[in-house]
Structure formats: structure tokens, C-alpha cells
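The chains carry the letters A, B, C and D, assigned in the order they are written, with residues numbered from 1 in each.
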Amino acid sequence: MNELSEELLHSVIKKRPELSHKGTFGRVVLIGGNERYGGAIIMSAEAAVNSGAGLITVVTAEKNHAPLHARLPEVMVIDWLQIQDIQAVLAEADVILIGPGLGLSEHSHTLLQLVIQEQQAKHWLVIDGSGITLFAKYHYQLAYPQQAVFTPHQMEWQRLSGLTIPNQTVKNNQTAQKTLDSHLVLKSHRTTIYTFNDYFVNPLGNPGMATGGMGDTLAGMITGFLAQFDAKKDALCAAVYLHSLIGDVLGQDHYVVLPTEISKQIPYYMKRFEQ
Amino acid sequence: MNELSEELLHSVIKKRPELSHKGTFGRVVLIGGNERYGGAIIMSAEAAVNSGAGLITVVTAEKNHAPLHARLPEVMVIDWLQIQDIQAVLAEADVILIGPGLGLSEHSHTLLQLVIQEQQAKHWLVIDGSGITLFAKYHYQLAYPQQAVFTPHQMEWQRLSGLTIPNQTVKNNQTAQKTLDSHLVLKSHRTTIYTFNDYFVNPLGNPGMATGGMGDTLAGMITGFLAQFDAKKDALCAAVYLHSLIGDVLGQDHYVVLPTEISKQIPYYMKRFEQ
Amino acid sequence: MNELSEELLHSVIKKRPELSHKGTFGRVVLIGGNERYGGAIIMSAEAAVNSGAGLITVVTAEKNHAPLHARLPEVMVIDWLQIQDIQAVLAEADVILIGPGLGLSEHSHTLLQLVIQEQQAKHWLVIDGSGITLFAKYHYQLAYPQQAVFTPHQMEWQRLSGLTIPNQTVKNNQTAQKTLDSHLVLKSHRTTIYTFNDYFVNPLGNPGMATGGMGDTLAGMITGFLAQFDAKKDALCAAVYLHSLIGDVLGQDHYVVLPTEISKQIPYYMKRFEQ
Amino acid sequence: MNELSEELLHSVIKKRPELSHKGTFGRVVLIGGNERYGGAIIMSAEAAVNSGAGLITVVTAEKNHAPLHARLPEVMVIDWLQIQDIQAVLAEADVILIGPGLGLSEHSHTLLQLVIQEQQAKHWLVIDGSGITLFAKYHYQLAYPQQAVFTPHQMEWQRLSGLTIPNQTVKNNQTAQKTLDSHLVLKSHRTTIYTFNDYFVNPLGNPGMATGGMGDTLAGMITGFLAQFDAKKDALCAAVYLHSLIGDVLGQDHYVVLPTEISKQIPYYMKRFEQ
């Protein structure tokens, strides 16, 4: 076991190379946001943009395009019904996030299937929220499981691993993660990251962060970090740690910490820890 | 008679338990916002989110979804025509607010009927604005009246109680509240809260707060406080007091105090009074 | 001739009475914003809300409702095609603004006609932008011309008065204003207000304010001031002066002064001059 | 070769004349933003407004109107399918920007054709993004090429000039620019401006600016500067330099610099350098 710490931020967040362009910092596709949970994918997108991902396309129900662009013109959008366009954009992606506000409909399922089927050796996947529930329900297998991150809360992890919450001990989680053969971010009041050789406990976070959208923001940050930084396991850990670190700072003078407030702070904190 | 005071804030606003998740801080449904008054339910939602309610679903006319999400991706939305979805979300709720911008149409009436019919022992209801007018018109009875809060202004209270404004004396209001058998927040330049054993006068508030949307914001705060804090009567009183306290601070350098400005300040003030 | 000065702000901006409610501060209807110029009526609405008008309804093309509410949930909206609803809301109004972004279509004309036809003794009208152009074209007569304010720029004044810009001398303007029998705010780099007995020159304003939307914001401020303050001529002058005063302060460190930035400052400046 | 420097900002950014109106500061038309890349034209518009262009019309897919107005009511909008309206507004324009988020569809092509065909002696054109790709593909000729600015990144320049990226030497670029007979802003980590007699290297900029939308913002600034300042070549250079200067200041405490954050700062920086 390791406890995450600030050192990790220093080692992960590299000074950007002078000779670079937006493609250098990753092409990202974010998939989610149905008619009801559109806010979720908006919050993921805000986190990914503020984390520094270079080029971001959001695939979401058409009704979410206007509020997304009203908040964040920095992203591109695709109606989630346009399967061909989605395939084209997936083919060029570095990291794909699926799940925030995705829902459990037939169409949500179609999109998850598409992502799984299109995964290439170069792709990293982040599977969150209802993406995890669907993944569990249909017993999917990934082509490149080691290039995937699952970000369940405890109930979603129960669905995916079969472990009831009281049985989610470190030992059992490690066994289940080995079977899954992917990275695991198990969210709770002390989020734990299970990787192939070790597990990492996040010492930060506070109950003011227990509010709708906090996980969507974390998923967006993880996606942004994976898009930019080569040491993927460390990038993952750094995103989790920084998310809570910002939450703790905001929590000092906010009774509730809004996820969108965390996103606004990301560029400042990343600069502070830039190596 | 008691006068509300800051002590109440200290006693109500508990430090959040470490072992908690967003469900710990309440599931809330906010119903309102027709084609014309969509801003009202948006303002209620902003107040509820900033007050710290854990999970919030807004049931409103579809045209209001985009502006709501443009301001507040933290909430979920349901088209107010989807009765089955609304029933499902009501069944899981802790607190239900109905009324801000609801209007007086046939469909507004249908929604109020639905809420009344679905009230369970675990539910708290907040009935505001046109919800009160409709309630009065159709002489409804609640299954659990003591778990309801009515938040009329004086004209709405006249409709509900039959008391003309000059007759709205403390004594008459107390009698009418006993008949109603619910909590009453009677809004005026000195808002008074009538509960089962006592009544409480709010000493704060200022005429800069007399602007459209102030009541919608208060209703959202009350809903957020009821969702999180166990001592319901005190939570109600604390929401009323804090709403005015923030309004008074803003009123020191604003000629008019916008309701949305109050909502932005809630997390800071709650932290300040956190016990 | 008088030059406007800060004293006017002190005399106009009264401390609000303790015993008041939102109706005390006026019911306002703002009409404008077609498919192309929707931003204009949004800017007027922001100015009116921030000036402290109590209850504001915006009548505009349906496509403008979402962006308006995304910025300003404090207002109510009516689709500008709903003539009956508009009539109902006009009947209850204290001040009506027509013109910002109204356009020159058949329907724009219908709306202007409606406002003119519905003017009652209690109504104040503010006629701005394309409302003036249409008024001039169709040679309208108001029932209560002395309770109207026209806010043309020089070209619009030419259309309304028949005076070409070089002929818009004080003397000629006074004669034309007497014929018009209404208040006149003639906008230029030194805006001049012609009332029944006198005219007032605004010494403030700067070329950084010469940008799209500045007039829409002024029209909204005038409307908000007329809604709240009894001395109508003074209220009109105070709105013009304060608009420029804020613009001049912002202009000290902004090369261009955005109209929406002026609106945000109004509550602070009104408080500062509150008597 | 010259290196751009702050002196240029002082010489270009003139104090605005007292006797002026919004028309004095230019009529601008911005064309772009399809169903997928609507954010691009929104970011161009924000840059143009904050740069001080007097009157701005945005021609974009109808779905982009609401998010644009939610962020920026200061602009006018035209549905990009309304060819007649577009022709009318082009006829009155001083500067036309085409390209940000334009896409490569049949209709994108139609709009580019329209702009080329309508160019008059008084018009300045800025051709950006997919506008350049289309221009290259169809081998267009401008009627007034010397009143055009192309703003390609290196891949777009390859399409336009036929020079592969390794062959994009100063000498080759100069030759190709002479053939093109227009101004060239060749974007890279050290953006270079090729004019008829010289070329100018931008010494500023940082890799935190390598994020989606940065070029759209630059195109909007260039358009705004051309609209206001008479020395067109200098205005072009000043816009490029100021864009990077603001980006560098923001980059001191932001790991990633969002394009929309740059736009917000423009009015302050222009004021600082105002002559």
C-alpha cells in the first residue's frame, strides 16, 4: 500500500515542451449525457478542458449541445445518434471516456458496445458511471483491458466485481481487479486505486465534496491527465489526488464544494506543481 | 414568540460526517417552471445546490432544461410531461419542492395532484408559489400534513387561509396554521414562521431584496436544509434566517440584491456557521 | 440648459421603504429581440433587473428565451407571438419598453401597434431603436404622449423629427420635441435630454462605450428607473447620467466598455448614491 | 526580418476619437460554426467583441445562436442558411472573417464562395481554419487579394501553398506568399507574419496556449483590430503579438491557458497600451 502524496504531482505534471501543438496534448472523446443527465458530461468536459487535454470532442444527446457550448466553447460536439461520425472520431482518439450521464437505455448500450469494439492498441479507455453498470450487465471483455480505467463507486463496483460492499476488502478488491485486468479507481470517502502491482490510498477529500457531479468531474480530470502524461498509472493517481486536494482547499471556506468550482481551479494548481 | 438568531445557524449547520456520500445529504425533487416562469425553478435549483442537497432532480418544462444546465450542470432534469419518470423519482426522494413558476394550468394541477398523492411517510414537501394557489383552489388534504411546509406571501396566504391581509394577525394565523396542520413560512417584510408549538419572527431582511425570484431562492434553500438536517423545524428556521442574513450583507453595497447573488454566497456562509 | 450632475443621483435614488414588496418597485414589460437581434433585449433586461425594477416580463421571439434565462433567471418570458398573453401583461404594467432588437417586420409593427393601442393613463412608455423607426414610418399618435420617452440616436431622430443631422440644433430639436409632445433622449457623444421645460446635457460618456448594445442597456436602465422613482423627468436624467458615469469608470481601464459590464455595476453605484 | 515588440502595440492602439459612434469602430461579419464546431465561432466572436469592433454579426448554424447569445448578447446573429440576409450584411461590412468551425461541407463551400464573390474594394477578409482548406481545394482567386489575411497552421499552409512542413522555410514561404498575394499569418510555436515587404516573427507565446480554440480567438482578434485601425499591416501584427502577450501573462499561473480567458483580458491590455 502507498499513500498518494504531493510528490506525485511534481513528478507527473511536466513542464510542457516548447515545440508542441494542441495535438501534442491529446485527442479526447467524452461520451455520455442522455436527456436527463446531460449535466454529468458537461462537468466531465469542464474538467478535461481545464486539465489541459488538447482537443476534446463530446458525444452527447443533441439537447445538451447548447448548454455545453454556453459554458464551454472550447469543445467540439457530436450528436450521440451519429454513429459514423462517432466511429471516425474514436479512430483518431488517444483517450476515450464513456459513462457520465450515459444512462442505461438501448442506445447507451449501443454506444458502450461501439467503444469496446473500436478500442485499439493506442487507446486508453475510462469507463465511469452507467458505463460500468452496463459493462457489468453484459459481461464485456476488452481487447486491451490493461489500457482501461474503471471508476466505480462502491455500488457500481459491487455490480462489476460481484463483491457486496461489506466484502470490498483490499484483498478481495485486488483479486477482482486482477480478474478484470484493468486499472480500478474505487471511489469512497477514501478513494483507493488498484493497479497491477500495487494499490494506492488517497488521504485527501472531505464530506463537502459529497455532491452530485463530483465523480463526473474526477472522470474528466483522469481523462485529461491520461491524454497528456506518459506514465499512465502515475497520471491516474495524480488526477485523483489533485481532485481531492483542490476539494480540500475549497472545503476550507465552502460548506459544500461544487464540482464546477473544482474544475475552475485546475489550471492554477497544475501550474503550481509543474515540474 | 421567538426571534430568529445566529445561534440557530450554529445549532443546525452540523459539520458533515466523514463517512458519507452524496445520498447522505438528501435526494431532492424540485417541480416547477412552465413556459413563462422557467427562471423561478432555475433559481430554486441554484439555491438548493448551493445549500448542499446531495442529489437534485428538476422537473420542469423541456424548454427550461438548456438554460438550467447552462447555469447549473450539477442537477438532473426531467421533462415535466413524463409522469412515469416523475413518479419514479418522487418515490426515491427525501424532500419535494413544488411551486416555483409552476403556473395554474391543467398540467400544473396534474403535477400538484401527483405530488400530493405520492407523499409517503418519509417525504417532506415544500409547497410554494402557484402550488399554494392551486392547493387552496382545490381544497387538498395531505396524507402527512405535518411533514409539509407552505411558503406563501400574504396574498397566497389569503387564498389558502381565507384571511384577508388586514386580518392576518398572529392569532388568526396561528389558528389557520393549526387547521392546515403544516408548517407555515409567511413571507413579508418580516417573515414569520408558524410551527406547531410556537412562531418565529425573522428580524433580518431588507427592501433591496424585494425583487422577482427572491421567494424562489428561499424555497430552494428551505428544501436544501430540510434534505440535510434532522431537526426539521430548526432547519426551516435556519434557512429563512440565513437567506435574509446574506441578503442584508449584500444589501450593504447593493441597491438591489439579486436572488442569484444570494445563492452564490450560501456555501461560504454555511461554512462560517458550521458547528 | 442644464448639465447633469451627481446631485441628481442623490435626489433620485431614494432609500427603499422598509414596508415594501416587489410590486412596490414596478412591473415592467420589455418588448423586442427578433430572430437576429435577440441580444439587444437580453441586454435591456439585464440593465432593468440590475437597476432594481421589481417584476420584469420580457416579450421576445421564442428562440431568445433560453439564452435570456441562461443569463438572467430573474425575468419572466412570453413568446412574442402570444398576443393575448402580451395584452394581459401590458394591462398590469407600470412601464413598457419597446424597441431593442425589435426589427422592422410586419410582426414588429403589430407589437408596436399593440403597445400604442393599450397605453393607459398609468403607463409610461419607452420607445427605442427600431420601435422609433416604425413609429416614424407610420405616423403614430400616442394617447398619453407626455408619458413617453423616445431614445433615438441621431439617424433615428432624423426619421422621427424630419431633421437631418446637421439641422439637429438645440432650437430645432426643442421645436420638434414640443410637436412630439414626449420626452426625448437624443443619443450622441454628448447625449441630450429634452423635456417639456428644459433640456439637459450629459457631460459624461466616452468613446470606449461606442459599441453594439450600449443603447439597449441605457433603454433598460431608463425603464428600471421610471419603474421605481416618482419624479419621472429626474429619473430619466439620472439613468442617463449613471449609465455614462459607470461607463467612464470602466473606461479608465478598459479600451472598450461592454454594455453587460455596465449592467453588473449598477447595484453598487445605485447604493453609493442612495439618499 | 523583424521581431514583433510592444512598441507596435503603442503605435497601433490609438486613443479613440471623442466624436465617434459604434460605426466608427467597424462593421464586422464572422462566418463559421457548423453543427459540430459551433464553439469555434463563439470564441472568435468573443475575441472580436473584446477587441472593440463596433458592430458584429455572426453567421452560423442556427443551433449555435442560443449558446452564443448566452455568452455574448453583444453580437447579432444570422442563420447561415439565409443567403440573402448574409449578402446584405456582407455589403455593409468592413471586415469579414470566414473559417472558424466552418467545416468542409457543400454548404461551407457555398458560404466561402459567397464571400469571395462579394468581396469589394472596401472589404478586408480574414480566412481561417477550414476556410483555408476549402480555398486551397477549389483554387480560388480573390478580387482584392492584398486585402486578405490567411491564418493557417502548418498543415493548412501545406494545403494552400503546396509546401510540405519541412519545406516551409522563410524563403519558400515568402515566395508562396507573393504568389498568394495576400497577408499570411503562419501559426506555429513561433508564429510568423508574411507581408508584402517583410516578415515578422512573434517572440511570444507558450505551450500552455496549445489548446483547442486558441486559433479561433486569434482570428477574432485580428478581425477586431483590422476593423478599427487604419494601418492594416501593423494592426495584424499587433493582434498577433497581443494575443500571445496575454497568453504569456496568463501562462505564468495557468498550466493551460483557455482561449476564452484571453478574450476577457483584451480590453484591459488594449487600454494599457493605448497611445
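Note that a residue touches a chain if its C-beta (ideal position, glycine included) is under 8 Å from a C-beta of that chain, and two chains touch if they have at least 3 such contacts.
Listed by chain with UniProt protein names: A, B, C, D = ADP-dependent (S)-NAD(P)H-hydrate dehydratase.
Bear in mind the structure is a predicted one, so any value in this text is a computation, not a measurement.
**Student:** Please name the chain that ends up farthest from subunit D once chain centres are defined by their CA atoms averaged.
**Tutor:** So the chain farthest away from subunit D turns out to be B.
**Student:** Between B-D and A-B, name the chain pair that shares the greater number of C-beta pairs in contact.
**Tutor:** By number of C-beta pairs in contact, A-B is the larger.
**Student:** For the copies subunit C and subunit D, give the interface type as same if over half of its residue numbers appear on both sides, and as different if under half do.
**Tutor:** Different, since most residue numbers here occur in only one copy.
**Student:** How far is the middle of subunit B from the middle of subunit D, if each middle is the mean of its Cα atoms, in Å?
**Tutor:** Comparing mean C-alpha positions, subunit D is 49 Å from subunit B.
**Student:** At what distance in angstrom does the C-alpha mean of subunit B lie from that of subunit A?
**Tutor:** Chain centres of subunit A and subunit B, defined by C-alpha means, are spaced 34 Å apart.
**Student:** At least two partner chains per residue is the criterion; list those residues in subunit A.
**Tutor:** 66-68, 70
**Student:** Which positions of subunit B touch subunit A when the two form their complex?
**Tutor:** 13, 16-22, 24-25, 49-56, 65-70, 72-79, 85, 266-268, 270-271, 274
**Student:** Once bound in the complex, which stretches of subunit C touch subunit A?
**Tutor:** 66-67, 70
**Student:** Across the complex, what residues on subunit D touch subunit A?
**Tutor:** 35-40, 42-43, 46, 63-64, 66-68, 70-71, 153, 188-189, 206-208, 210-214, 252-260
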